[in-house]
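You will see subunit A twice below: alongside subunit B first, and alongside subunit C after that.
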Partner chain A sequence: MSEAPQINSQSASPYSSNDAEVRAELSEIDASIRTSALFFTVSAIFWLLAGTVFALITAYKAHEPSFMGDSALSTFGRMRSAHLNAMALGWGNNIIFAVGLWIMARLCRSPIRHGGLLLIAGIFWNIGLTVGIVGIIMGDITSVEWLEIPHYATPLLALSYALIGVWGVMAFKFRKGEHVYVSQWYILAGLFWFPWLYIVAQIMIIWFPARGVVQSVTNWWFAHNVLGLWLTPMALATAYYLIPKVLGRPIYSYYLSVLGFWALAIFYNWAGVHHLIGGPIPVWLISAGIVASIMMVIPVIVVGLNHHMSVVGLHKEVWRSPTLRFVVFGAISYTLVSLIGSSMAVRSVNEITHFTHFTVGHAHHGVYAFFSMIMFGGVYYMMPRLLKREWPSAGLIKLHFWGSAIGISVMLFALHVIGWIQGVQMNDATIPFLEIVQNTIPWLKARTISGVFLTVAHIAFAVNFFWMLFAAGAVRAKQGPTLLDSAKEEGVA
Partner chain B sequence: MSEENTNSGPHPSNKTSLEQAAMQDEHMQDVHAQLMREKEEPQEGFSPVPIFLMFLFAALCFWGGVYLVHYSGGFRWDAYDPHFNPNADKPAPVEIPLFERGQKVFSQQCAVCHQATGAGVPGVYPPIAGSEWVTGHPQVLSRILINGLSGPIEVKGNTYNGAMPAFGPNGMNLSNKDLAGVITFIRQEWGNEASDVTEKMVEDYKALYAGRSTTWSAAELKEGLGPIPEPEVEEVVEEDDEFAAEGEQAEEAHAEPAAH
Partner chain C sequence: MDAESYTDLLPLILLGVVFFVSAIAMLYWSSKRGQFRNFDSQASTIFTDEEPEGEISDSFPSK
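Then we have the complex of A and B:
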């Protein structure tokens, strides 16, 4: 390890560099992945917008069931599943392919060779996904949560994923330098974990269905691990890359990084079974899942501490940088959502939260407040490097941040509160079920309103993005990074 | 990565150094502004893991182990209840009848002297088959077994003078169940036809003679005998238990619809 970089070394002259060779290399790497990363980002944003539309319809139907109720295409079940898959596999996977592979290539100092093939694989991924989601809306949906995509689309998805993931593995294989940075561990592991999860789940549930409750166990093993062994490592890798990168300060502790990574790798795989608490599966499986869920406190505290100690004292810089404002919001959410998740696995808590809106809120806490916010930060950092332009509008970035932050906070508050009330009331046999359902309506309306905030945020994001992408002339004139307050300091973006 | 590199001139044969040269061009620097203002690639510090975290993690691991021991249903495939008790569904251990238990105890503890036939050894060990001491008042035999017997005693017309050891708390310390078993066995085997001696009776006798450290003599044995407990009492108690159990089941059956 060389000495930690001097934070102020660049402030005298922002254009001077003491590692020109590395910068030249990075420039080459950025160029090698530019086309495919742009394609994945554009796809991700389209899926984000499509998923938002599905989400709004679903949220509105939750308290106004007759809305768009005349058509089978727009029934609640199909809209909800279309939303889930558009967000998880459309937004989530595409943005991982963009940001994750870009970070992997940079850290490995290894350009993406034959990037055209990566682009083609990406096109097939999105074709497969489009077929799948159209299939869901047309009624070919499977009855398995998180695996709703009909069987005729999944082989294409699995195959094109393999062709995409292999580029990250190849970048790692041809890496330069002795030290493997923590982000590389997470991305490499995630690239192997996801296909393992997806293919096993497809085979055991859709193609050659296992008998009986094994299907349910596989289903929740998959559904929970998609969050924990795919979205989580990718978002953590992004945060681990961007925090030191923007602040120019090393990550606090290598040892905490190691502990956090391996604890996640060891414990998370067991945790999904806590979705089946009370179900007819052998109780040791559930208890093992509960223990693993509680043990997840270890990686969460470790990662949270590592991030916190790397950022502490530089809060002004975090607030000024569009990237870090999103990333730190996501990192804080990671700690919160994981600790809440661990407590939800305890039997006595689960008896209340299971089968309520609490779980829905928890899922959005993880996928949006944690994963998506960090990925937004990743896009804000990556795009200027890929396009060699600045973000056109700081105002739109602020609108995006506040729309997302307020929207998701309102949603989480509403769903957690009503979920808990709902759970307590459902455990009381004297309260009629319909009364409980009616109690949730005002809170579900609050969720729809939060959805409007998120929609505004996503539109601001998309407008800013496509403005940057297409209005090159207008943007090029812009000097210096786009920051979120008026202070004219260089060096943070 | 060092300062000198930035100042070195271009080498046409080397792509990297061409890039470096290009970056010194002011126009190129503007185009690469984003890249140039980047901080260095991320690095890691080596701060140690705080010690309190290690304690916390050790505590969590310990808790996990305890939880698994308590709620894993013995790691059986057919256990579904977190409070599963691996012993609950096994049939209650078969209660060996007093007589059979006594038979075992007799063959281990008594048959050496009194012989498997109960005939004893003439002149040395008195017979117990057909002995009036054995088949008479149950308290007599109980006294002999609990505290032992010494001195001359006349059995079936012959006088013996030996020392019977104590099997109560001062001697071999057999359990109440074993004592009751062996006494019952002796009183009912080899043509003997006396009543059962229950565990409860032995318990009472033991309590009665807890303070006695000396053995009995033949004369003492006949004195101060209590009334023979009614054997029916126990059966009545058993019936009560059954009724009570049935009553509970009935109550549960009634309570069930309300609970659901």
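Then we have the complex of A and C:
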């Protein structure tokens, strides 16, 4: 039996002041960031759908190369890069700007200032990204993985991001109260890390290119850290906020959460060079990257233990919450993908997994099963509070969850299995390369099928979202527990 | 790669060092500002009168 949490009217929060002059109500903060958060969420969903189309084309072409083969616009290289950038910078960044900044504003306990700046920056971010992805499809793609966007679009992206980053720092500066909750640490650090990574990589690879080998080191330092020091901290910030918030129970060990954050901050930056194991760079540099990758086990175990202990005894409540279904799926995935990632940095394992579909599966494990699932959960929690309306369809939420969960599980199984087989066979000189390629085809077809599941899930998510956004009259009439108390009192529940 | 060419990596290494030092500086700042004290009460700061501790605040909608 699950243990119901005890209501504690004497909250330990120093911000729950009875003085209305001092206290900033959450609903007031939500209202102040509503326009920006909605803009970013709509943009994120658009990019999610566009990225899904690019992904389906790419996946299908991997086993049917002649598909759309007459058009230069839809070659594998362009579609694959359009997919990556639409998902990472379109879906990923926009949903971070929506959910992450909303959480930041709530934790700063102050209605946001300069919301117009955030909105303008967001508009320019999406214009820059559109120009960049159209440029990729038109053939202006660079040859650098994760930095494929052509040089004429990147200054606009960098400027837009700078405005958003400055806004985040300003929100932190004008916060009420001295305490910094662990989610704020993660978000603030991510806002600092991402421009650092992006600008350094742009300078050293695109604008003033260093020597080739240094470019490679920079490239993987950047690409790996986009996941570890941008997407990961934002997803963990969301999980650390939503798990205790939904369950009404503080995180199991705040001490462990702080330890996990600082271990990530200190170790992760060094880990990216493990992508170049066997490459022509100094051995000590790779060894440092391997050591840092193994040291990452510490924050991963700490975070996993903390999340697990926080939900112990409340598993039924987790299942009943649309938010926590997604968030807990993502949190479990974080533990798994991180431990697999650390093991992939070991030289003997890397000899097999390098240059195979195993790495592709690993990337999707991190960006989708971990990051995206947590962010879906964030949207399910945020939207009713921003709009003071209920989600219109529980069925569509369930379709979204099961489509995503089954789709990504099938994809991860297929790519990890065939990746390992592919790696073992490529290390055997007696097996012809073409035979190895042909062996992958059934597994690549499985990946395409998994993409169909994910497509259905994303369409269900988008339909539910826009239904909620525009069909206000019908949705408002419902009663439901995801609504805020104040909304119920106003009779709009 | 020639041994002399390793100096090409110097900017990258220096960036890593700056990054590391900035993380340590933030760690020091947070320690001085008392962020590592009273962990139990700090974990409860996310709860407010509107969304109090002890109350489950999310479940599936009615349909």
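One rule holds in what follows: the second predicted complex is superposed on the first by the 457 of 493 C-alpha atoms of A that agree within 3 Å, B and C clash if a C-alpha of one lies under 4 Å from a C-alpha of the other, contacts with A are read in each partner's own complex, and residues count from 1 in each chain.
Following the convention adopted for this analysis, a contact is a pair of C-beta atoms (placed from the backbone, for glycine too) under 8 Å apart; a residue touches a chain by one contact, two chains touch by 3 or more.
Source: prediction; values computed, not measured.
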item	value
Subunit B versus subunit C as contact partner of A:280, first or second or both or neither	both
First (subunit B), second (subunit C), both or neither touched by A:181	both
Partner chain in contact with A:295 - subunit B first, subunit C second, else both or neither	first
First (subunit B), second (subunit C), both or neither touched by A:321	second
Which superposed partner A:347 touches (first subunit B, second subunit C, both, neither)	first
First (subunit B), second (subunit C), both or neither touched by A:56	neither
First, second, both or neither for A:156, with subunit B first and subunit C second	neither
Which superposed partner A:27 touches (first subunit B, second subunit C, both, neither)	both
Partner chain in contact with A:251 - subunit B first, subunit C second, else both or neither	both
Residues of subunit A that lie at the interface with subunit B and also at the interface with subunit C	5, 14-16, 23, 25-27, 107, 181, 183, 241, 244-248, 250-251, 253-255, 257, 280-282, 390, 480-481
Footprint of subunit A on subunit C - complex, ascending	1, 5-6, 8-9, 11-12, 15-16, 19-20, 23-24, 26-27, 30, 33-36, 39-63
Residue ranges of subunit A touching subunit C (in the complex, touch as defined)	5-9, 11-16, 23, 25-27, 107, 177-181, 183, 185, 189, 196, 200, 204, 210-211, 213-214, 217-218, 221, 241, 244-251, 253-255, 257-258, 262, 265-266, 269-270, 280-282, 285, 317, 320-324, 380-381, 390-395, 397-398, 478-482, 484-486
Subunit B partner contacts - residues on subunit A that touch it in the complex	1-2, 4-5, 10, 14-28, 30, 106-107, 181-183, 240-241, 243-248, 250-257, 259, 280-284, 286-288, 290-291, 294-295, 297-298, 301-302, 305, 309, 347, 384-385, 388, 390, 429, 480-481, 490-491, 493
Complex contacts: residues of subunit B adjacent to subunit A	1-3, 5-6, 16, 19-20, 23, 29, 31-50, 53, 56-57, 60-61, 63-64, 67-68, 71-82, 84, 260
